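Encoded as structure tokens, here's the structure I'll be asking about.
The chains carry the letters A, B and C, assigned in the order they are written, with residues numbered from 1 in each.
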């Protein structure tokens, strides 16, 4: 394999990896504010793409995407309010099953509102034949968009958590809900906000990656599992670690194509997740730069004690 | 707590099964028997999962994977010219082996992580099936021959043997149910419930938690694998959809709606809903119904449909 | 004394950077009640958990009945003949009193996964034997009438007795009681004291962690005082009470809570 080809695999791996990372970040945000693993996370990407598709029939693309992000964010909040907010001390098993059921419902709703076909948003710039020459490889401009948008989201999120009052309030709530309440921070509103953020970010990621990987009503599940891989690799507490994990998973997945049959590509990420859960459950980056992460929290229970 | 004398419900169950068959055959409507037979095999999976999730408290979001492993093993063996009797036993043994290998590491996990790991397992099985020519990829395996038992009995979809297959299937389910009921009322059953309730206290009582979890995991996988192998022969074919997440979610929904730790509940709900689903009663909303059922049960009636009627509570 | 049932030597354990057990050492004489006392944070429950196998000590030895048990998982420790109760009563939810106690007897019964699948035909005799033995234990504690009730629905004092029954069901050689009087009113505490003494009369060795001084001084044969993870005094209740170090530990600035101080001063 030539250096250019290698680079190509690398770039495409980083691009898909950053999408997985965004899903992983969504998991992390919701987990840190509610302790819930939201299995429906992948569906937010699907919804973003689908809604944008519908909107762009009569709106220019940027507006369609903005609309899709806003609507999906609201859907996230709605899901939280309608299904989750009023549960008092639900058991872990119950929560898992509820969010899985919700992801199925969202999936099926999408199937009936749209259809089962594969769709794709138009390229944000250029089309499927255009390419940029970077270091001897040819990559699609959409890949550049994916990288740029993902990086922007991560930076914005980090700044939000670090420097805005609301962001700091969310961190406070996540690390010590009782104390936060005593300071006058209303947790319930922040929980809704965390769902909004996770959903909106997912939607935007879904829109930017749609021209490359297409959008289909059932794409959520595999994204959720791979995104969870990133979240866990990052120890469920650290946005930066989730990003690094995403890139790692994406690149490994991309590289695997040269060794394994294409159909097994999905298996790579999953096997990584299983390996991590079983061998190093606290995440790859536990202890490294944890304090620097925006949420900067240790996951309070590891995989082998959680759920009691 | 289960009533001591299980004989009465079993007789009732047998009676209903016989009644249904006689009625349908008399009304010349015994094509319904085919769906009822399929429902039986799917119910067997749910029973095994009930033991695992309801009693031992271990979530498995990938149980369809075991069903598929059993089914595909039987399918490959019976279409590859091996000795005919080998297919179903091989399906069971291979499923048990995989469950053992997967269970040992995975059962160390808890809660979300166990759910995700089992989800990943089901996903991996499904992808491997889709990607491997030996398993027929997207087309699955068809032309699976009948499986001959003793004395002219055979597991097959042939119209002439419909009644026979109906009874074979439900007899196996009855046997599975009896074994499960026995287990639950025994020392092992108490140990499982103790593990579900408080693992540390269970260990302090001398129970080897890991070993028990693994045993019930493998048993529930065997139920699923056997069902898969038998259904493969009954349908004469098997497809990759059997390993998918939708199927896994279905099984969980059935167990949850039945009341989690309620074998009879699971049996009833599973038989009814699976039959309706196979008849097409839910139409295009089939998957949505099961997803919705799951959400509704977990939100409003975590003790299951029958739990609403019962006084006693079983902790989910 | 004759060969001690439990011997702890040079035990060390850390949680993160905190040296919670530092060189603890003591023994438990057979058929005697040994009590571990000490201010909050002294490491009493950690010590318990180390003996019971919940944690594995970083260094040191725990010898039970001649066997080294440090590092063994809790179900192995239980199988060797050590039973325990918990500070917050941890009965199994959704199970009756009798079922809870029968779980306690898990190791004593013969059988296995396969016979259990077979049902009464295979395990019937063993099941009724188990039942009878467990009912006997409930009777000896005076709570046989509660056998079929859901364990967690009972008042707290009764739940404690059920947990004691569960621990006794395995016919242990060593019984670890973690604050058995915690949450009990004075008359319940007296009843608990009587029950514990009765257990000792049956030849079972008892190691108890407790804050309630009247209970400790009333029923213990030996008292071990723990402070900052190591033993600072050991002896009969009277000896320990007279020990200056112990007195200052409880009456000194901030080491114990007021209730203990008053009790210690009064006892």
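Criterion: a residue touches a chain if its C-beta (ideal position, glycine included) is under 8 Å from a C-beta of that chain, and two chains touch if they have at least 3 such contacts.
This structure is a prediction, so every number in the text was calculated from the model and none was measured.
Enquirer: From chain A, what is the lowest number of touch steps before chain B is reached?
Expert: Steps on the shortest route: 1.
Enquirer: Which pairing of chains accounts for the highest number of C-beta contacts?
Expert: The largest set of C-beta contacts joins the chains A-B.
Enquirer: Name the chain with the Cα centroid closest to the overall protein Cα centroid.
Expert: Ranked by how close its C-alpha centre lies to the overall one, first comes B.
Enquirer: Would you kindly tell me how far, in whole Å, the mean C-alpha position of chain B lies from that of chain A?
Expert: 33
Enquirer: Could you tell me the distance, in whole angstrom, between the mean C-alpha positions of chain A and chain C?
Expert: The computed centroid separation for chain A versus chain C comes out at 48 Å.
Enquirer: So, what's the distance in Å between the C-alpha centres of chain C and chain B?
Expert: Comparing mean C-alpha positions, chain C is 43 Å from chain B.
Enquirer: Write out the stretch or stretches of chain B touching chain C in their complex.
Expert: So the residues of chain B in touch with chain C come to 1, 178-179, 181-183, 185-191, 193-194, 197-198, 200-209, 215, 261, 312-315.
Enquirer: Help me check something: in the complex, which residues belonging to chain C touch chain B?
Expert: 52, 54, 73-75, 78-79, 83-84, 86, 90-96, 99, 102-104, 106-107, 109, 111-113, 116-120, 123, 126-127, 130, 150, 166, 170
Enquirer: Within their complex, state which residues of chain B touch chain A.
Expert: Contact set of chain B toward chain A: 53, 57, 59, 61, 105-106, 108-117, 119-121, 123-124, 127-128, 130-132, 137, 199, 245-246, 249, 252-253, 256, 284-285, 287-288, 290-295, 298-299, 302, 316.
Enquirer: Within the complex, which stretch of chain A touches chain B?
Expert: 37, 39, 83, 87, 91-94, 96-98, 100-105, 107-109, 112, 221-222, 225, 228, 232, 261-264, 266-267, 270-271, 273-274, 277-278, 281, 303-308
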